[in-house]
Amino acid sequence: MTETTELRIGVVGAGLMGADHVTRINHRVSGATVTAIVEPDEARASAAVAQTPGAVAFRRIEDAIEADAVDAVLVATPGRFHEPVLLPALEAKLAILCEKPLTPDSESSLRVLEAEQRLDRPHIQVGFMRRFDPEYIQLRRLVESGDAGGLITLHCAHRNQKTGEGYVDSMLITDSVVHEFDIVPWLVGSPIASVEVRKLKRNTLAPSWLNDPQFVMIETESGVLANVEINVNIQFGYQVATEAVFEKGVAQIGRSAGIGVFRDGSFQVAEHQDFRTRFSAAYDTQVQRWVDAVKRGEIDGPSAWDGYRVAAACEAGVEAQATGRRVDVNYIHKPAFYA
Amino acid sequence: MTETTELRIGVVGAGLMGADHVTRINHRVSGATVTAIVEPDEARASAAVAQTPGAVAFRRIEDAIEADAVDAVLVATPGRFHEPVLLPALEAKLAILCEKPLTPDSESSLRVLEAEQRLDRPHIQVGFMRRFDPEYIQLRRLVESGDAGGLITLHCAHRNQKTGEGYVDSMLITDSVVHEFDIVPWLVGSPIASVEVRKLKRNTLAPSWLNDPQFVMIETESGVLANVEINVNIQFGYQVATEAVFEKGVAQIGRSAGIGVFRDGSFQVAEHQDFRTRFSAAYDTQVQRWVDAVKRGEIDGPSAWDGYRVAAACEAGVEAQATGRRVDVNYIHKPAFYA
Amino acid sequence: MTETTELRIGVVGAGLMGADHVTRINHRVSGATVTAIVEPDEARASAAVAQTPGAVAFRRIEDAIEADAVDAVLVATPGRFHEPVLLPALEAKLAILCEKPLTPDSESSLRVLEAEQRLDRPHIQVGFMRRFDPEYIQLRRLVESGDAGGLITLHCAHRNQKTGEGYVDSMLITDSVVHEFDIVPWLVGSPIASVEVRKLKRNTLAPSWLNDPQFVMIETESGVLANVEINVNIQFGYQVATEAVFEKGVAQIGRSAGIGVFRDGSFQVAEHQDFRTRFSAAYDTQVQRWVDAVKRGEIDGPSAWDGYRVAAACEAGVEAQATGRRVDVNYIHKPAFYA
Amino acid sequence: MTETTELRIGVVGAGLMGADHVTRINHRVSGATVTAIVEPDEARASAAVAQTPGAVAFRRIEDAIEADAVDAVLVATPGRFHEPVLLPALEAKLAILCEKPLTPDSESSLRVLEAEQRLDRPHIQVGFMRRFDPEYIQLRRLVESGDAGGLITLHCAHRNQKTGEGYVDSMLITDSVVHEFDIVPWLVGSPIASVEVRKLKRNTLAPSWLNDPQFVMIETESGVLANVEINVNIQFGYQVATEAVFEKGVAQIGRSAGIGVFRDGSFQVAEHQDFRTRFSAAYDTQVQRWVDAVKRGEIDGPSAWDGYRVAAACEAGVEAQATGRRVDVNYIHKPAFYA
């Protein structure tokens, strides 16, 4: 055995997502170790630490910083708790991988941008993992190559098996379409200009308080109109798919794959049941590339600026949802810092 | 050989579509013979008759009627020439299979309805052949069975290789979406309540005068919102596909089929290049079932009433296209005659 | 209505297959009518005639001939009853479509060939309907075009849901592989040179007396080795598929098609349950083209010579099955009559 | 940054495969570092070390052992050089991941088994990476579950784009079918009893000295007959696929996946071009799990015993290839050490 130098990561939040990242970093990512769990809930913290040899639990990010326990943080708490973690972490010049959203609204996102700009270079990468999914990458290359002609429109579907108790209408936008608010501009190569939301016929199997599914239209500044079927109680499985229409062809990603079985009168291919299998490889690649970049003093993925733009689009989306109108999305001028 | 009694069909219009029907009736449909070609263009008429042993050419439908040359007519001229054929044919009590549209506008369609109601029963069947396509039929059965829960929404795509000189913006609606105006209510089990049209980014490969593709939203009285990507210069092929979203699942029709070949680095399945191969079986079934029904004194497919409703939806669609607004579709009260 | 001249067909055998053909001829095939049912079983004959207006029942083919009731016969009895129908039908110079096999053995097939050669030209077409299946046709074109390089090998699978009481081991060859004995030479463009059969692990769900499935290797004179998995109690459905390996690629036919549904955790496409849906279009096309050819004084499909060669291959196959050895197939010299 | 304890791996052989593993271990595998490159060719060794900060080059495995530079070795040289690496590595009690084959023949494999049995427990894992491919794993689970009934037969295809200069007939068996010799018993749960090889029609695009493709039949002691189309100059791509036939169904792995594009008249899905993309995830998982197991003092994959059995099957395969006969495979009695 040899002693090697590894990036010390503090995972903030020991819920489902945090635990998944701890396992990832310790068992599949090269060059990084979880050295701290930041979690106010003591039971959760203990459970996480028990499975993470060498890691120490802290109640607050400030404590971990003070103890000089981490080089970097992976923020895996709910979005409304991000700002109070991001600001001290930035002040301590830690590298940051922040699960989406950056923050829940554009105002708080702007505060984060300001704090980050006091540093020498961007320190925050936002966890929009779709950018690391092989099929999204292939689709983006097809757009950039022009091989199928110019991109005309995107038909997106985001389908979940079911939602839990706390899930309310606005979360269709802020929890699910939030991914399209990142990936559509990334695919198209142009920011979102406006958002419009129409309610679809209600799924009677959804919780009674929810208008599920809905239909979102996203227009980019370059004039590409994308639509999103957001549908979170469709029972049969978890499915994220996009059909991209070009001038000379059509591309499809998110098609079913894997072992196919003829039985009981039909050909069957299992569909994903949640995001962890669907985006398993994307998460691994995202964290590995972030770790590698951090060691070079860089980030390698969506920045806080991208996070801010998504926050602005989410605000517009929630307003569009409430009013039924097309809502423009406005941004501050992009700082040279994020060029 | 034996003498058998066959339905005498006059094919009106000896263009591409008419010629296709002549071949069908004479070579693939049982119990019917083309005995008349009604076509004012003499060269065309002669060419058609030359390939139809036993058939006689007439310049006008009235001449064929007067000559007692036909029991039934299959109208395959452009839509604006339908009314002057339909009215005398109805008066002569002929059975009628009329290619879509019934007529180009609701006012003329209403005149046809009135004329038809002077007879003892519906004599007109409209050629919305998708209703005879095996996959559309399977999809409708899935809706009716409730096996996948209630129907929530339909994503439709209608893609053509390219359009010719006379094809203008309104024809995106009246020539292509016209099929969805029939099939959406048929699948959903509810009439169209409103239509909305948004222009998509223009395909630079389309003729310069055309805003192609466009995005049409169709809402039914029952609250199902269907969308249609209408896209008629997409180069790669001819494709009509529908994704139906249910409460518990998703169904797809119009998927690629047939021989699959691995070559030159990829797996390839040929796509259709025009409607004649895509809907070949549907056309055959439609005409055979119409012939069988006519012999029983019935029709067996969409009626003139369906044709009228589609004409009304087309008018709303063209207005929606011009104004950018959602346009309601209004109908007269449905006569008991069409119950 | 008009009196037209139609081919008068006598359907011999009013079982499952015969009844299917009666419906086809009367309801989907143009230019032909069933005018006679030849069936010794009186109950069956009456039932068939009741559904075939204008048709007359005869106990024996000779009676139908004597009554001058038919221009052509479609023979749909079990193979062992073919010769006594074919010989008088040939003598009467009737056109003949004979369901496979021509006869059960090469000796009787040779007697049929001899009788046919007394006529001016071939009168018998054998019902190997796969030659009319669109995918088999596409595959043959790919072979002939050379676009994927030379043909190297064929992997064939022939799977049935289950078999009945009378089905014994030799029928794996004579009832099922019989189709590959026709289609393999047709695809390859070379006759069968030898047959070898290996028993596979027995399916415990097959009847106890059956060695099912088996694995058949067919070598053509041109050196193409095809293999066939013959598997007739596989429960899940009916499946006939071929993978053709070329010098530069691989083609697959018999892939699942039609409506695809995501439900209950998986993507599902219904598989065929019997040959009637799988080859429905092929049967229709076969009979229509035969009727058209008969009117021109021709046949338009596999001849009695093809039927004889298949009979010879079946004999070799049954011997190979019994002995476990590779068995050569020998043919008489091909008469110029069948050139 | 923190100092952590990592497994020190010596990669033996700095060719294509070795370089791929160095990248993997240093950039994607957690808990291990490449500390030594063992490679007699100085230029290659220098190139490898230049890309592996902290690693030292050694000419021979003995030198790396003497320098106490490694805890484990990953052997990535051609098979004929394995034994001289394995024996000293075993003597030094190193953990070993040995690329296939263990050794080129059963006699040398037995010598390795003997040397290994002098240790307290198995130290060698053989690099049959298919066992770590998600679809092979799913297929094995389907076999074990019995959900589709008993396993009847396997149709395997192993297709390569093309082969290089040194590739000769026997390598069809020892380089390619070698994988099926491991995976077939692993899937079936029973050792190989016999091998038979038939030459297929020669691909004229293959090198002139090669009888390519060939057809291999593998029978297990439990009576499952698997066949393998081994085809290494098929031009279009790299494809490893298996169709497993069960009593009640059929499963397929190795189907095309990923982005699908309609263009130029067809639907297209890119096929793999070599094993590195096809089995990328399998290689990563294999090495990560081996590293994790080594730290627990175990192996976690095929053992030297499996490697020996494959060597015996390869010998039988080469003999079967040369003689055209079915050749039995015989093994020594399995030592309790490998139980």
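Letters A, B, C and D mark the chains in the order given here, with residues in each chain numbered from 1 onward.
Keep in mind that, in the parts below, a residue touches a chain if its C-beta (ideal position, glycine included) is under 8 Å from a C-beta of that chain, and two chains touch if they have at least 3 such contacts.
On a predicted model such as this, the values are computed, not experimentally measured, just so you know.
Novice: Using C-alpha centroids, which chain lies at the maximum separation from subunit D?
Specialist: With centres defined by C-alpha atoms, farthest from subunit D sits B.
Novice: Can you spot which of C-D, B-C or B-D is a repeat of the A-C interface, where more than half the contact pairs line up?
Specialist: B-D
Novice: Please tell me the distance, in whole Å, between the geometric centres of subunit A and subunit D computed from their C-alpha atoms.
Specialist: For subunit A versus subunit D, the centre distance works out to 37 Å.
Novice: When the centre of a chain is set as the mean of its C-alpha atoms, what distance in Å lies between subunit B and subunit D?
Specialist: Their C-alpha centroids are separated by 58 Å.
Novice: Roughly how far is subunit A from subunit B, centre to centre by C-alpha average, rounded to an integer in Å?
Specialist: For subunit A versus subunit B, the centre distance works out to 45 Å.
Novice: Multi-chain contacts only, two chains or more: what residues does subunit A have there?
Specialist: 236, 239, 248-250, 262-264
Novice: Can you tell me which positions in subunit C touch subunit B when the two form their complex?
Specialist: Contacts found on subunit C: 1-8, 25-33, 35, 54, 71, 134-135, 138-139, 142, 147-148, 248-253, 255, 257-264, 281, 288, 292.
Novice: Help me check something: in the complex, which residues belonging to subunit D touch subunit C?
Specialist: 149-153, 155, 159, 198, 200-201, 203-205, 213, 215, 217, 222-225, 227, 229, 231, 234-236, 239, 245-250
Novice: Which stretch or stretches of subunit B touch subunit D in the complex?
Specialist: Residues 236-237, 239, 256, 262-271, 273 of subunit B touch subunit D in their complex.
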